[in-house]
Structures are given as structure tokens and as C-alpha cells.
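So that you can tell them apart, the chains are marked A, B, C and D in the order they are listed, and the count of residues begins at 1 in each.
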Amino acid sequence: MLIEITHDPIDPDAVRRSVGGSHDGAVLLFLGTVRNHNDGRTVDGMEYEAYEEMASEVLRAIAEEAATALGTDRVAVVHRIGSLAVGEVSVAIAVSSPHRAQAYDASRYAIEEIKKRLPVWKREHYTDGERSWVRGQTPRPVEEKANMSEPPSDGRPGSAGAERGKGGMA
Amino acid sequence: MLIEITHDPIDPDAVRRSVGGSHDGAVLLFLGTVRNHNDGRTVDGMEYEAYEEMASEVLRAIAEEAATALGTDRVAVVHRIGSLAVGEVSVAIAVSSPHRAQAYDASRYAIEEIKKRLPVWKREHYTDGERSWVRGQTPRPVEEKANMSEPPSDGRPGSAGAERGKGGMA
Amino acid sequence: MRVQTRFFAFYRDLLGSTELTVDLPDGATVGDLVSSLRGRGRPFDGLPVAPAVAVNRTYRGLEAHLTDGDEVAFIPPVAGG
Amino acid sequence: MRVQTRFFAFYRDLLGSTELTVDLPDGATVGDLVSSLRGRGRPFDGLPVAPAVAVNRTYRGLEAHLTDGDEVAFIPPVAGG
């Protein structure tokens, strides 16, 4: 599994090509990209920061949970940090599986968990020179370890009392 | 919108790059690929056939309905016909939108409708030399034209009395 | 009137042909066309009683009326993707 | 005992520092650490009463007990993706 927190630009095609294979009938690639607008303001860039040592571990845990939902080990999750321009890719998630339903579920699971749990923050740069931290979700400790074996169910870390993000990426 | 029934190999990266842009925070690429197995039999290729004149029109209708669900015109749908080897891409669907929920919904909508309505058939080639048509779904006429304006709702063509496909692509 | 029928995939294999011109009484429906074909006996009686049909590239029910020159395609269960 | 705290993003901006070594009585919890920091007054009282915290890179609640040498990270609401 390709799992990475990187300072370098993401190559979406390479991430996609890291999954797939002759057993699989469905490949799904999700890209999160920096938008030029948020909450009615014009954005000209985004600065991503991570608690890197922890983010690597959390990203691996998310990928492994997604693989369980997927039923295959064909999962790739790469998150970029640093300064990104509008249009650049901040996160790429690729999965493949024999059937498409599992691919859609696992892909969606991975991006939702990233937004709930990954210790990453981002600051928008507006065209007027101002900057502000994008409001996010408050991660919560896993209440019961038993939940770990049921990725797609409720009760995930961060699912209780999560704040709605005001915006940022899609 | 890139909408195509093609006899040539599909370039997934080109399909993906045909969507996206600075307004969008989410890009989703779905690929259907030929699996090496189905119902316990080993498959070494797939032969796709279309009612081409009609398939082009239906594919355009599906793309336009997906665009309505998506809220943007960044939709690409390409379906290949002819003889495909295991691992080759039979269908590519790319969408992009400001927010990810719409991208996942529109992508899924497009592939489900393709499987319900697109006049395309496929014949599996097994390693023992046998061939057989993959069982599919029986498309139905649109009962009420009013349904056309509500792509993600029920009552879509083919949703009533559809036969479960026994296999084939994911 | 005269309509042009087309057969794909499994139906083409069944009938051994891709197209057939069929004469029908004025006012005939898709259902009448299906009955007329099935009435020819083998191999046409291998067509379903209620197949999916597209008239001029739009899916239509058995009750749809046909017009001279229509293209009527017999659509086996589809399996794209 | 002594723990190493780390502050990210908005919390780092608030405190003007990324790390701080804090001495605590044995048996102290995450909650005790938060109270101790907030008790220092400005700017520390700008930290939430119940912030998200990771101990040695795992999210833990305020009731979790700390051990000498622990790395305790204060995690503002996350916004990856």
C-alpha cells in the first residue's frame, strides 16, 4: 500500500497506477484540489501543516481500515503538505477491487476519515493578503477498541461531536 | 463534455484531465476494467458490442443527467467497444465539482445508469475456449418524461424489474 | 407500412441476422411486430414475448405505435461498463 | 514527572511556541496538564478547556493518565483533505 505524507507535488497518475490489477474490475481515484474560492472569498493558495509523525500513523490506520472495507489491499493514500497553489492536488486516494460498490465505499471512507482524524491543518491565503486557518473537525479518542474492526459503521473516532468544517477542500 | 463510444484504447489520464479546474475541490475518476475471473471461471478477454448510434445518444443523456446531479458541466464518460484483454479499461468516468459529495454521487449515478440503459453487450472469453454473453439488465422505457429532471431519484429507466447481472465488470 | 428491425448480441446470434425489413398493417404497435416475428416459428420464437425495444433509438413499450420507416431495435439485456 | 507538549497550527500561533516541557505531579492526567497550562494565564488561557490531545501520537481523553517522558500534542480541529 502506498501511504505517504509528502512535501512534494502529487502525481495522480502514479497514485492510480499503484492500484489495480487483473483481479479487479473497478478502480477509483479521488483527488482533493485547492479551490479558488471559499465562503465567498477569493483564495489564491493554501498552506498545509501536519503533525507529521502522527499523521503518517493515522494515514496508515485509515488506509488499513479502508482496505478492510474494500476487501483488497489495493489502496493508496497520499497527502501533501506545504504551500499549494489553486488547482494543485492536496490529497489523492486510489482503490481497486473486483466490484465497484466496495471501491466507492472505501474511497469515501478514506476521505471522510482523513477529514475527521488526520492531524493536518490548512490556512487559506486570500487575494487581499489575509490568511486564516480553515475551521475543521475536532478529533475524538476511540472510545472502544472494538470499533476498530468495523470501519464503515458509526462510532468512528471523530464522529461524535465533530464540528462542521466551514469550508476548505471539497 | 467528453462523451464517446470508442473502438480505441482509453487513456484514463486524458479522461481525468478533461475535467477539473480552479473552481473545483474534488475530482473523481472511475475506471471499469476487465477482470480475469467471473463466477469461478477464468476469463482471458472480453468482447464488447454496441448499438453505436443509440449508445452515443444514451451516453450523452446519462452524462447530462450526471452533470445535473453534479452541479457542474465537468463530466467525461468514455466507453470502449471491441476486443479487450484482461486489465484493459472498458469505461472511464471523470467528474469534478466544488464539493466531494456531488462528485461521488454523480460518478456513481453515471456508472449505474450505464449498466441499466446503455445498449452495450459483452461476451466473456474463457481460457477453455468457450464464450458467453454476460447476463445484463433489461432496459425499460421512461414511463413519465417528468422523471428526466430528477436524475438521482428512483423510477429511472431500467430501475423497475431490472435483472441482476450475473457478473461481468464490477 | 414497412419498418427496419435490428438485432444485437444474443438476438443476432439467435436469428443469424442483424437486420430484417418487416411489413406491417398501418397502426401496428411494437407488440404487433413482436407477435408477427415470433409467429414465423423457429428461430424467431426464441425472441422473448416482451423484449426491450428501441424505436428510432429510444426505448419504447410494446404499446407504442409504429410508423413507416421506423428503425426498431431488439435490445437484449444490456451489460455495459 | 516531566512531559513534552507540542502545539500546532492555531495553538502554535496563539502561544507563539511549538514545544514546552512541563513538570507535573505523578499520576497527573491530560486534564491536569490542560488545567496547569491554562492556569498560567495569558496566552495559555486561550487554550480550550477540553482540547483534542494526542499522547504519544494517539488521541486520548482528558481522563488519560500521563507518564514521565510522554509527548502530549494539542490538536486544533483538523482540516486535512
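Everything that follows uses one rule, which is that a residue touches a chain if its C-beta (ideal position, glycine included) is under 8 Å from a C-beta of that chain, and two chains touch if they have at least 3 such contacts.
A quick note: this is a predicted structure, and the numbers were derived from the prediction, not measured.
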Chain-touch separation of chain A and chain C, in steps, is 2
Max Cα-centre separation from chain A goes to chain C
Here the gap between chain A and chain B, centre to centre from mean Cα coordinates and rounded to Å, is 26
In whole angstrom, the CA-centroid distance of chain B from chain D equals 50
Residues of chain B that touch two or more other chains sit at 32, 111, 168-170
Touching at least 2 other chains, the residues of chain C are none
Touching pairs here come out as A-B, A-D, B-C
In the complex, the residues of chain D that touch chain A are 6, 8-10, 13, 52, 54, 57-61, 64, 73, 75-81
The residues of chain A that touch chain B in their complex are 12-13, 16, 20-37, 86-87, 97-101, 103-104, 107-108, 111, 168-170
The residues of chain B that touch chain C in their complex are 32, 48-51, 53-55, 57, 79, 90-91, 111, 114-123, 133-142, 157, 163, 165, 168-170
